[in-house]
Amino acid sequence: MDFTFLMQLLINGLVVGSIYALVATGFVIIFKSSSALNLAQGEFLMVGAYICLYLVLQHKVPFIAAFVITMLFSALLGIVIERTTLRPLLGSPVISVIMATLGLASVLRALLQIFFGVDTIPFPEIFPPEPVHIGPVPVSIGYLYSLCCVAVLLTALTAFFKYTKSGLAMRATASSRQTALSMGISVKKVFAMSWCIAAMVSAIGGILLGAIRGGVDMSLANMGLKVLPVVILGGMDSIAGAVLGGLIIGLLENLCGGYLDPLVGGGVKEVVPYIALVLILMVRPSGLLGSRRIERM
Amino acid sequence: AADTVKVGGLFDLTGATAEVGKPFLEGVRDAVTWMNNNGGVNGKKIELISVDYGYKTPEAVAAYKKFVEQDKVVMIEGWGSGDTEALKDQVTKDRIPYFSAGFTAHMNNPAKTPYNFFLGASYSDQVRAFLQFVKKDFKEKGKKPKVCFIYPNNGFGKSPIEAGKLYAKEIGIDVVDDQITPPTGFQDATTQLLNMQKQGADYAFIQNTVKWSAIILKDAKKLGLKTKFFLNNYGMTEQLPELAKEAAEGVYGMATTVPYGTNVPGMKKITDMHAKNHPKDSHNLFYVRGWTYALTWGEGLRIADKNKQLNGEGVKKALESMNNFDLGGLVQPVTYSGADHRSSTKSVVYVIKGGKLVKVEDIDVPRKKEWLGL
Amino acid sequence: MRERIALMIKADMGLFHSKKSLAATVSFLVCLMFVPVYGSSYVLDVVNRIGIAVIAALGLNILTGFTGLISLGNAAFMAIGAYSASWLAMRTGINFIFCIPVAGIITAALGMVVGIPSLRLRGLYLAMATLAAHFIVEFLAVHWESVTGGVAGLTISSPTVAGFALDSDRTVYYLIIPTAILSVLFVSNIFRTRVGRAFIAIRDQEMSAAVMGIDVFKYKLISFALSSFFAGVAGALMACQTRIITPENFPISIAIDSLAMIIIGGLCSVIGTIFGAVFLTALPEFLRLATTALAGSFPELIGKLASLKELVFGLLVILFLIFEPHGISAIWQRTKNRF
Amino acid sequence: MALSLNTQLSCHDIRLTFGGVTALDGVSFEVMDGEIFAIIGPNGAGKSSMLNCISGLYRPQQGEIKFDGLTIRDLPPHQRAKRGIARSFQNIALFRELSVIDNIMTGRHLSQRAGVISGGLFWGWAKCDEEHHRAVVEEIIESLGLQDIRRCAVGSLPYGRQKRVELARALAMEPRLLLLDEPMAGMNAAERDDMVGFILEANCRRKITVVMIEHDMGMVMDISDTVCVLDFGKRIALGSPEQIMNDPHVIKAYLGEDDGFF
Amino acid sequence: MLKVENIQVVYGDSMLVLKGPSLEVPEEGIVALLGANGAGKSTLIKAISGLLASEQGKIISGTVLFRGDNITGMAADDVVRRGIFHVIEGRRVFQELTVEENLAAGGYTRKDRAGFRSDLEFIYDFFPRLAERRRQSAGYLSGGEQQMLAIGRGLMARPQLLLLDEPSLGLAPLLVQEIFSLIRRINTERKTAILLVEQNAAIALSIADHAYVLENGAIAMSGKPEELNASGEVREFYLGISEHGERRGYKAMKEEMRSAFPAHRA
C-alpha cells in the first residue's frame, strides 16, 4: 500500500512535471535570444488554447487541423508581437523589456476576454477519458502526450541551438546585440524567430493543459507564474535544464504534497518549489544546467 | 433627481471571479430593468451604478467611497469576501446596507455586522445539511461514516470548516481529513486525493467554485475513488457536467437558487427578459441569483419608501421586516430580522444525472441561536 | 580659484538646481497640506494610496534601480511591516504610531535575511529568490495563525495621536503624506553620499566596486535593509489605512506594480518614483471612472468596457516603454529644461 | 636614486589554475617600497591574473602574498583596498552610469565616514565631510586634466579618456600600491606622454609604489625599476630593464628579434 | 571602393561628433586613419558599418558610398552582407560562446562550407592560443586572446572591405608585428581592402597606402604615409619622435621627477 502510494506520487510527479517542462521551454527560448523573461508566457498558453478551442467548437474543424492552424496562428502572433512591441524596444534595458511583456500580458488577456468572454469554456475531449495504467498508477492520457512532446522538443531544440546557424545567431544575439549586428546577424530576424518558436511551443502547452483540465479560462495564465521556479531551477538558458527543472519540481510537489501536507495542514506544495529553489541556487547560482555567469576582469 | 433611487453595484467582470460575476451582474441588471418597467419603487426608478472592481479590494474601497459621497446611494450590491470584509465597519458607520454574494456565516450576525446581508443558506448551513444527508445516507451498520473536507486556503474556503467539524462531532460523524488546495491555478489534485484515499473517506465535501471542483472530480475519477462527492452552491452549477464530463455523474451538491429554466412560478419573467436581452448568451443559476438579490432588495427599497424612510437605515429596517417573502420559488423564502440576518437555513440537494442537475430533496437545518455568525 | 571650486561643489551638491525649483517644490508641499480641506474622502483615499505606493516604490527603487538587485519581494516586505505593526500594537498596546518605525526596523532585519542569497545570486536568479521569499511569507501569513490571524487576518483599531483618532481618510492623510515626504527627502539625501554611490557602483561594476574598498555583500545587505524598511513602513501605513489586513491584501501583483512604478517612473530616479506611483495608482482609478461613466450610457457594454480597461492599461504601459524607455522622469527632465 | 630597500609586496610561489588551464605556475617576486615594477609577457601569459591575485579578485590555489609583511592571501578585495592597494583594469571597469566626479568620489569611499542614517539626514558633519572630500577630488580632476568632462557620464567617453578617469579613481583612494593593467593601451604618442607623466607623478610625488602591465616596451624600459617577464604562467626572467632587454629567452618569447617599433 | 563624403554625425540628438570629414578607400588598398582619443575615429567607421544606430548615433548629413551604392544609414547586418566587416574596438567577443562558436558567428554570412573550414584552420594556425582554447568560453580568455579572436572573426567573414578598429590594442609586440604582416597578406592574397584605425601610428603608416588624420571630427591632414611621416605634427603627436629625429624617451623625465621628490619613505 505504502509502496503503491509512493509510486503514485512519483509517477504523477513526473507527468505533471512534464507540463511544467513544456511551458518552461517557452521561457528559455525567449531568454536565449534576448536575455529577457517573457512574463506573458501564461497568456501565450491561453491564446493557443482558445484559438484551438474556437476552431473546434465554432467552426467544427477536426482537431488535428485545428491544431495545425493554431500553430500557424501562434507563429504569426509571435511575429506580430515582436514587430509591434519588442522591436521598438531593441535598445532598452532588459528590465524594460520584461515590463513590456507584462503590459503585453494585460493586452492579450483583455483581448481574449473581449473575444471569448470570461466563462470557462469546456474543452472537447480530444483524449480518451479513460486513464492508462502504469503499473498500479492511473495516468491521464493528456499527460503522456505532454511527456512525448517534451522529449521531442528537448532533442529538437537542443540540436537547433547547438548545431544550426540560426541557433548560433540566437545565442550570439543574447550575448551582445551590437556585436551580433556587426557579424551580419539580423537581430530583428532572430527576435522574430524566437518569439515565433516560443509562441508555438506555448500553444502546444496551452492545448494540452486545456485538454487535461477539461476547460479553458483566464486562470490558465497563472501557469506562467507557476513555472518561473522551474525555469530558474533548471537554468534560464538551458532547454535541458527546463525539462529537468520541470520534472524535479513536479516530483517535489507531489512528494511534499503526499507526505508533508498532512503534517502541517496543507499548502506546502505551493512553497516547497521555492524553498528548494533557493537552496539549490545557493549551491548552483545559475541553476542546475544554466551556463555560469562570466565574471572576469 | 428625486424620482430615482440610486444603488451602487460592485461587480467583478475581469478579476478572479469574473466568470460568475458576469452572469450575476446581468441578472441584477435585468431584474432592475424589469422592476423599473413594472412600477419601480412606488413609481421611482432604480438607478444601478455598476462598477467593475476586478476583485481588487482597494479598488472596491475607493469605488465605495465614491458611491457614498458623490453618488449618494442608499445601498450597495457588493460581491466577494475581500470587499465585504474590508468595508464591514465602514458600512456600519455610514449606515449603508451591503449585500454580498459570498455566503460566509459570520456576516449574518447583526450584532456584529448590522448592515451586511446575503441571500440563501450560509456555507456553514450547507455543510450542516451535507452532514445530515450523510447521516441518513450511510447504510453500513456498526460503523461511523467518514467525511473529508476539501477546500482552498482562503477565507471563502475555510469559512464553513469549523462549523462543519463541530456539527459532525455532535451528530457522530468522523471527519478524517482536511485536504487543502491552492486558492487558484492548479491543474492537478492527485496528491490531495491520494491522501484522502489513504484515510478512507466515504464522503467528501468540496468547498470550491465550479472550475476547480471539476478538476478535483476529474482526478478522483482517474484514480477510481469510491468516495461520494458533495459540492457547495458555487460548485453545483450547470457548468459542472460540461467541465467535468463523466466525472460529474452522480455528484451531489447544494443549491441556494434554482438552476436557470427550472419550472417554478418566478422563472417566467427571467426567461422572458433573457430571451429579450441576451438571446445568444447561455445562462445559469448565477444569472438567477442576480435576479433574486435584486428582487429582494428591490422589495426592501419599496417598503422603505412606503415608510418614507428611503435611506440606508430605512432600507435596513425594511429588509428586517421581511418575513417569508416569496420570490416564486427561485430561492427559499426570505426572512430577515433585527437579530438574525439568516434569510433561510434550507439547502436544496441536487445530483448530476445524465449531465443535468436533478433535485433530490430539501434539507432544513435548525435555526439555532448559537449558530448565528458561525 | 579655491572659491570657485567651493561654489561649484555647493551647486553640485544641492538637491535643487535652481531657486525656482526650490520655490516650486515648497509651494507644491503647501498645496498638499490643504488637500484634506477640500478633497472628498474618495479623493483622499486615492491620494493616501499614492502616498503609500510612493514609499513602497521608493524602497524598491533603492534596491532595484540603484543597487541593481531586481526584487519581487516588495509585497512580502509590505506584509511583514503590516503584520508586525499590527501585532505589536495589539499585543503590547503601544500606540500604533510608534509601531510603524518599529515595524520598519523588523522588516529591515528580515529584509537582510532575504538578501543573504545576493552573496551568490545575480540578476533574475536573485529576483527568483525574492519571489521565493514572497511565497514563504504568504505561507506563513496563512498558517501562523497565532500571529497573523490566518486567512481571516487582523483587525486594527484606529490609532490616536494626542487625542485625535486617525480613523478617517482625512486624518490618516496627515500621517501618510508627511511620512512619504520625509522618505523622499531621506532617499534623495542618501544618493548624495557615499552609501548611495556605493549602491550604484555595485550595480554598474561589482568587482571594481570591491576593489574600491566597498564591502559589496555588506552594502547589498544594507540596500536590502533600507529597501525593506521603507516597504515595511508602507505596509504598516497600509494597515493603518485599511484597518484590516489579510494575506489577500498582499498579492504578488503588488510587488509587480511596485516594479512597474519604478520602471515607468524611471529607474534610479527619486522624482520618477513619485510619478510612477501616481501614474500607476491613478490610472486604474481613472479608467474605472471612465468605463463606469460609459457604462451608464451603454449598459450592455459593461463587460467589454471592463476588459477594455485592462487593454488600455497594458497598451499604455507598452507605449510608455517604447516612447520613453527612461521613464516619466526623462520627460520631466526635458520639460524642466525647456523652462 | 633614493629607493628604499623595504619590501612592500611579496608574492611567493603563486599557482593559479582554472579547470584545466594553468594561468600561473609558481610565480614569485618582490616589489620594493616606492619602485615602479613592470610585468610583461605575451598574451595569455598570466599577467592580469597575477594582478587579480594581488588585488583579491582571484584566489590562487597555492602560494603566499604578503603586503607590508602581513599575509593578504585570504583577504577579500575590499579589505586589501583598505590596506592601500588600488588598481585599474585592462577592460575598463568604470561605473558607467555615474559621472566622472562621482566615479572618482567612489575612490574616497574608504576615507569617508557617513553611514545610512547620517547620510539620509545630510545634516551637519555628514555634509561637511562630503564637501571636504569633494574638494580633494576636484584637485585630482585638475591634476589629471579632466575638468572639461567632470560632469559627463563616463559611459560615452572615448576609450583613452576612460583610462584616465580610471587612474584618477584609483589615485583618489590615496593608495600605497597602485596596480595598473595596460594603462596606455589605445593611446597615441602625445597621450602616452601625459600618462607617463601621471604615473611618474604618482610614484614620485605621491610616493605610490606602482606595479604595471604594459606592452609598450619603450615606456616600460624607460620608467620601470624592475621588470618581471611571464610566459605560459611561468616567470622566465626578472631584473633591471637592461638585463631584460638582453635576455635571450625574453627576446625569443616576447620581444622578437626586430625591435624596430619601439 | 568606399567613399565617405562630408559626413556629419550626432549622438543623442545634440552632440555633433563628426563635422563633415570625407575619406576614400581604393580597391585593394590599405588606408590608415589616425587621430587623438575622442577625435571620432571609431564613430566614423561605425557610421560606415551602420553600428551607430545601436548607440543613439545618427548621420545627419553626408553620404557613404560603397562601390557606387549609397549605403548611408543602412542597417548593420545589410552592410555586412554587402561585404564590409567591422572589427569593433575593445575586444567585443561573445563571452558566453566558445571560441569556435565565436569564429563561426564571424562566418555567419558565408555560404561555402569548405572555405569555412579551411579559414578556420588558417586562423587556428595563425593563433595557436585560440586553437588551444577552442572549446572554452570566450569570456575567460585573456585580453590579448580576445583581441585575437575579434580579428579572427573578421577573417572568417572574408569581407571585401575590412574595417579594423585598433587591432593591436593590448597585443604583445611580437604579435603586433605578426598581425600587421597578416593584414598585409590578406590585402595582397585575398584582395581585401582595409580601413585601419590604429594608435600605433608607426606600424600603421608602414603598411598603409594612404593615411588620414582626424582631429576633432574633421580631417586635419591626409596623404601618402611618407608625406605624413615627414610632417612635424604627426611626428610629434602620433609617432612620438622629438624634433631631433629620435624616439622620445622617458628616462630623463623619470630622473627629473625622482630628483624633484627625493625623499622616499624609509
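Which chain is which? They are A, B, C, D and E, in the order written, and residues in each are numbered from 1.
Just so we're on the same page, contacts are C-beta pairs under 8 Å (C-beta built on N, C-alpha and C of every residue); 3 or more make two chains touch, one makes a residue touch a chain.
Please read these numbers as outputs of a predicted model, since none were measured by experiment.
**Student:** Using the touch definition up top, find the fewest steps from chain C to chain E.
**Tutor:** Counted as steps through touching chains, the separation is 2.
**Student:** If you check the contacts of chain B and chain E, which chains show up for both?
**Tutor:** Under the touch definition, chain B and chain E have A as mutual neighbours.
**Student:** So which chain is farthest from chain C, going by the mean of the CA atoms in each chain?
**Tutor:** When every chain centre is compared against chain C, the largest gap points to E.
**Student:** Using the average of all C-alpha atoms in each chain as its centre, how far is it in Å between chain C and chain D?
**Tutor:** Comparing mean C-alpha positions, chain D is 41 Å from chain C.
**Student:** Chain D to chain E: how many Å between their CA centres?
**Tutor:** Computed value for the inter-centroid distance: 26 Å.
**Student:** If you average the Cα atoms of chain A and of chain D to get two centres, how far apart are those centres in Å?
**Tutor:** About 48 Å separates the centre of chain A from that of chain D.
**Student:** Would you mind pulling out the distance in Å between where the CA atoms of chain B average out and where those of chain D do?
**Tutor:** 74
**Student:** Hey, what residues on chain C touch two or more of the other chains?
**Tutor:** Expected reply: 142, 207-208, 303, 307, 309-310.
**Student:** What positions in chain E touch 2 or more of the other chains?
**Tutor:** If we look for residues of chain E contacting two or more partner chains, we find 140.
**Student:** Hunt down the residues of chain A that sit against at least two other chains at once, touch-wise.
**Tutor:** Those would be 91, 110, 113, 117-118, 225, 265, 267, 270, 297.
**Student:** Help me check something: in the complex, which residues belonging to chain A touch chain C?
**Tutor:** On the chain A side, the touching residues are 37, 85, 88-89, 91-93, 95-96, 99-100, 102-111, 113-114, 117-118, 225, 228-229, 232, 236, 264-265, 267-268, 270-271, 274-275, 277-278, 281-282, 285-287, 293, 295, 297.
**Student:** Show me the residue ranges of chain C that touch chain A in the complex, using the header's touch definition.
**Tutor:** That would be residues 64, 70, 117, 120-125, 128-129, 131-132, 135-136, 138-139, 142-143, 206-208, 252, 256, 259-260, 263-264, 267, 303-304, 307-311, 313-318, 321-322, 325 of chain C.
**Student:** Quick one: in the complex, what on chain E touches chain A?
**Tutor:** Answer in residue numbers: 49-51, 54-56, 75-77, 79-81, 85-86, 88, 92-97, 101, 104-106, 108-109, 137, 139-140, 153, 157.
**Student:** Touching chain B in the complex: which residues of chain A?
**Tutor:** The contact residues of chain A facing chain B are 5, 8-9, 12, 16, 19, 110, 113, 117-120, 122, 125, 129, 131, 138-140, 209, 212-215, 217-219, 222-223, 225-226, 253-254, 257-258, 261-262, 265-267, 269-270.
**Student:** So in the complex, the part of chain B that touches chain C is made up of which residues?
**Tutor:** Residue list for chain B touching chain C: 13-14, 22, 25, 29, 49-54, 57-59, 61-63, 65-66, 69-70, 82, 85-86, 89, 153-155, 157-158, 277.
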